[in-house]
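First chain written, first letter: the chains are A, B, C and D, and each begins at residue 1.
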Amino acid sequence: MVVGRLLLFGGGGVKVGVIQGSSQAGKNGVLFRCTQQAAGPLGHEVVNFGAFPGEAEAYSYVETAVLVSMLLVSGAVDFVVTGCSSGQGMMLCCNSLPGVLCGYVPTPQDAFLFGRINGGNAASLPLGLGFGWLGELNLQYTLEKLFAGDFGCGYPPEEAGRKRRDTALVKELGAITKGGAECFARYPAGLMEKARKRKNVMEYIRQYGDGTGVLWNGY
Amino acid sequence: MVVGRLLLFGGGGVKVGVIQGSSQAGKNGVLFRCTQQAAGPLGHEVVNFGAFPGEAEAYSYVETAVLVSMLLVSGAVDFVVTGCSSGQGMMLCCNSLPGVLCGYVPTPQDAFLFGRINGGNAASLPLGLGFGWLGELNLQYTLEKLFAGDFGCGYPPEEAGRKRRDTALVKELGAITKGGAECFARYPAGLMEKARKRKNVMEYIRQYGDGTGVLWNGY
Amino acid sequence: MVVGRLLLFGGGGVKVGVIQGSSQAGKNGVLFRCTQQAAGPLGHEVVNFGAFPGEAEAYSYVETAVLVSMLLVSGAVDFVVTGCSSGQGMMLCCNSLPGVLCGYVPTPQDAFLFGRINGGNAASLPLGLGFGWLGELNLQYTLEKLFAGDFGCGYPPEEAGRKRRDTALVKELGAITKGGAECFARYPAGLMEKARKRKNVMEYIRQYGDGTGVLWNGY
Amino acid sequence: MVVGRLLLFGGGGVKVGVIQGSSQAGKNGVLFRCTQQAAGPLGHEVVNFGAFPGEAEAYSYVETAVLVSMLLVSGAVDFVVTGCSSGQGMMLCCNSLPGVLCGYVPTPQDAFLFGRINGGNAASLPLGLGFGWLGELNLQYTLEKLFAGDFGCGYPPEEAGRKRRDTALVKELGAITKGGAECFARYPAGLMEKARKRKNVMEYIRQYGDGTGVLWNGY
């Protein structure tokens, strides 16, 4: 599970998933494009899971967070860029689910520090709140700074060691208090069914995940 | 556990704890004062747990989050206002611990929406990042709006029902994936000892908590 | 000319005009409503000059700034709440015109400090930039704080005297370097004609202005 | 006078002055360093005029704005990066003085748009307000985006022509309503004397200015 280790991006080759709630389907294109612009040149692969405009089935932020959790807990992707109208609900739900340590990053400054200090594996951006005329500018700047350095390396440099130790402790605590994929079977009725309907995500996990997927595909 | 129910503040009488990391001990006074100004006139009781300036023992954000979790899981307080240098680390650690659903609220707008929509029981504020000259103004405005309405009532009004259902689902998921006070016994060495040294918090839990405290005071 | 004196709002009875560029005509309603909510209870009169949605004639931010300047230089209103897509262009143009000292106030904190310290007679808000989902919240909070105290009283209190002296000096310098209503006759072709077409503004100045209006209505 | 033309930075060779009020002397180093990092690689020359820490003579924001105006009106520099505690006072005073068109740019987004759309020749940054722990991050990001493109080129691209025409009109209006260096002789007692005491600025204007300097050095 990615949450348990430092995610060092420096070497390239990391897979970044983009997925956001249907209420912000209209922003999927700009979210994907900005993530690619920021992460692509560093050698990361960016995969777009939607929600796309015009889809028949809508995914609430809770339902989307379930997909984020599946993508990460299965190792199918290493990092997720996500969001909802405010960004806060998605962050809270992600942090309530297995395998996700998700920051709320409304500004470039927040994004840089979350990436360097907190080293989580998901970032939730506000795609409605504060996203007005030319809102793609702040989105682009925020994603630029999110990927501007190794994840979890510690910052500022003179306090890097202490920051890394604190981050490791947060992840250790999360591993103690939160369950893993076995929790899926106890989710409220309908949530797993809804998740399994998201074919592009399920197919991706089947192909690139570590096999954990059988836990929820087959029960 | 507070996370499992809607926390309606309208009736008054709720207990709000203020507690933040030692790295921001110098801001404890203004954090407490602003919380009182915002929550006091609504009939809430505000209790200040520090960290205070000049204390011999320093509490990192991780160690402080452990105290936040104890205060909430025991029912000793109903809501916690907290923070660290960026606010993000405290939020992430709180959300990794039993009984806490914690927002990151750097602005009045974030605070209002977190309070009304997400209805968590802790709010983490940036006490260093962005907190410069006259930084108490934004702090004061943010806390004003955090308490400006019932918690978890849903917003905007025309979508309140759907928002409340999503919030309830987030809390239900948290209760499924995250353990409760029984997790404390499995924390990394030293964390519980450090927590027990915080006499004012321990004493408060003993006096006002629901008895869960025996789980970690006696083992 | 209002710029030349301290504008003390404490006594009530001040007239506040609301007027913004046509590119943000759709926000006129919320801008007016929020200004009324903030200024009304303090005894100020708020007058809405548009631009309104669906008007045949569009007013650019430059053309709107000319109207702002006329409203203020004639004394028809005492203060103007305005804005454009970013707020910055309107602020810059207003400050280039007679009788206006205009702040750019994107946040509640900026608004409070501009009102107390800089004591200008116009505030330009970003009505597109950063104005997304529920953007009326930040607008409302910003206007609340803009009117939360006397204008130009100085802040923080312990430095109030020095702040007021600096503000007075800024206004004195503006009066030296910038011309007054006599400049109107030298404006680029078409600007004054466009301004005179704005009947509600012209009529208001005729009725409530100090007579300066003859300078530009009759030439 | 720079205000009257489009300032196209693409070709390099532009001179950028850094100068801020004494109340923020402690931030001079980081302001200069961040400006160099942003503007240096583009071929611009960055000159640091202080105020430096530990200087005997303090310069208020009004007195500093007078120096900004002299540097620009004389053509000694092409652009000025400045600031005060809030950034707002400096912006207002600069805009009240000859030869300056100054934006207030608290965020990267504001800075990018001000540079591209409004094409002024000075930018005022908040060096106290919102400048807390690691505040140099937002400062650095803001200056990066300020210089990320030609000044006054218009933005977004599809509206560039209209934006450029509006900007040209703002500058034309400023040239009509505001006087030039001849205003200096009418400044309140003491302001010019104080300005002339700032030897590094005076010397720089004498050496690199267009000769306008005689207007105020000799009277």
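Here is the rule we use: contacts are C-beta pairs under 8 Å (C-beta built on N, C-alpha and C of every residue); 3 or more make two chains touch, one makes a residue touch a chain.
Nothing here was measured: the structure is a model prediction, and the numbers come from that model.
*Asks:* To bring chain A onto chain D by a C-alpha fit, how many degrees must it turn, rounded to the nearest 5?
*Replies:* With C-alpha atoms aligned, the rotation comes to 180 degrees.
*Asks:* Since chain C and chain D are copies that touch, just let me know if over half of their interface numbering is common to both, same, or not, different.
*Replies:* Same, since most residue numbers here occur in both copies.
*Asks:* With chain centres defined as C-alpha means, what is the inter-centre distance between chain A and chain D in Å?
*Replies:* 41
*Asks:* Just give me the whole-number Å value for how far the CA centre of chain C lies from that of chain D.
*Replies:* 24
*Asks:* Taking each chain's centre as the mean position of its Cα atoms, how many Å separate chain A from chain C?
*Replies:* 44
*Asks:* Quick one: which residues in chain B touch 2 or more of the other chains?
*Replies:* 86, 109, 113, 129-130, 134, 138
*Asks:* Would you identify the shape of the chain contact graph, picking one of line, ring, star, complete or other?
*Replies:* Graph shape, chains as nodes and touching pairs as edges: complete.
*Asks:* Which positions of chain B touch chain A when the two form their complex?
*Replies:* On the chain B side, the touching residues are 60-62, 86, 88-89, 91-93, 95-98, 101, 103-104, 106, 109-110, 113-114, 117-118, 120, 129-130, 166-167, 169-174, 176-179, 183, 186-188, 191.
*Asks:* For chain A, which residues count as touching chain D in their complex?
*Replies:* 107-109, 112-113, 134, 137-138, 141, 145, 155-156
*Asks:* Could you pull out which chain D residues touch chain B in their complex?
*Replies:* Contact set of chain D toward chain B: 85-86, 126, 128-135, 138.
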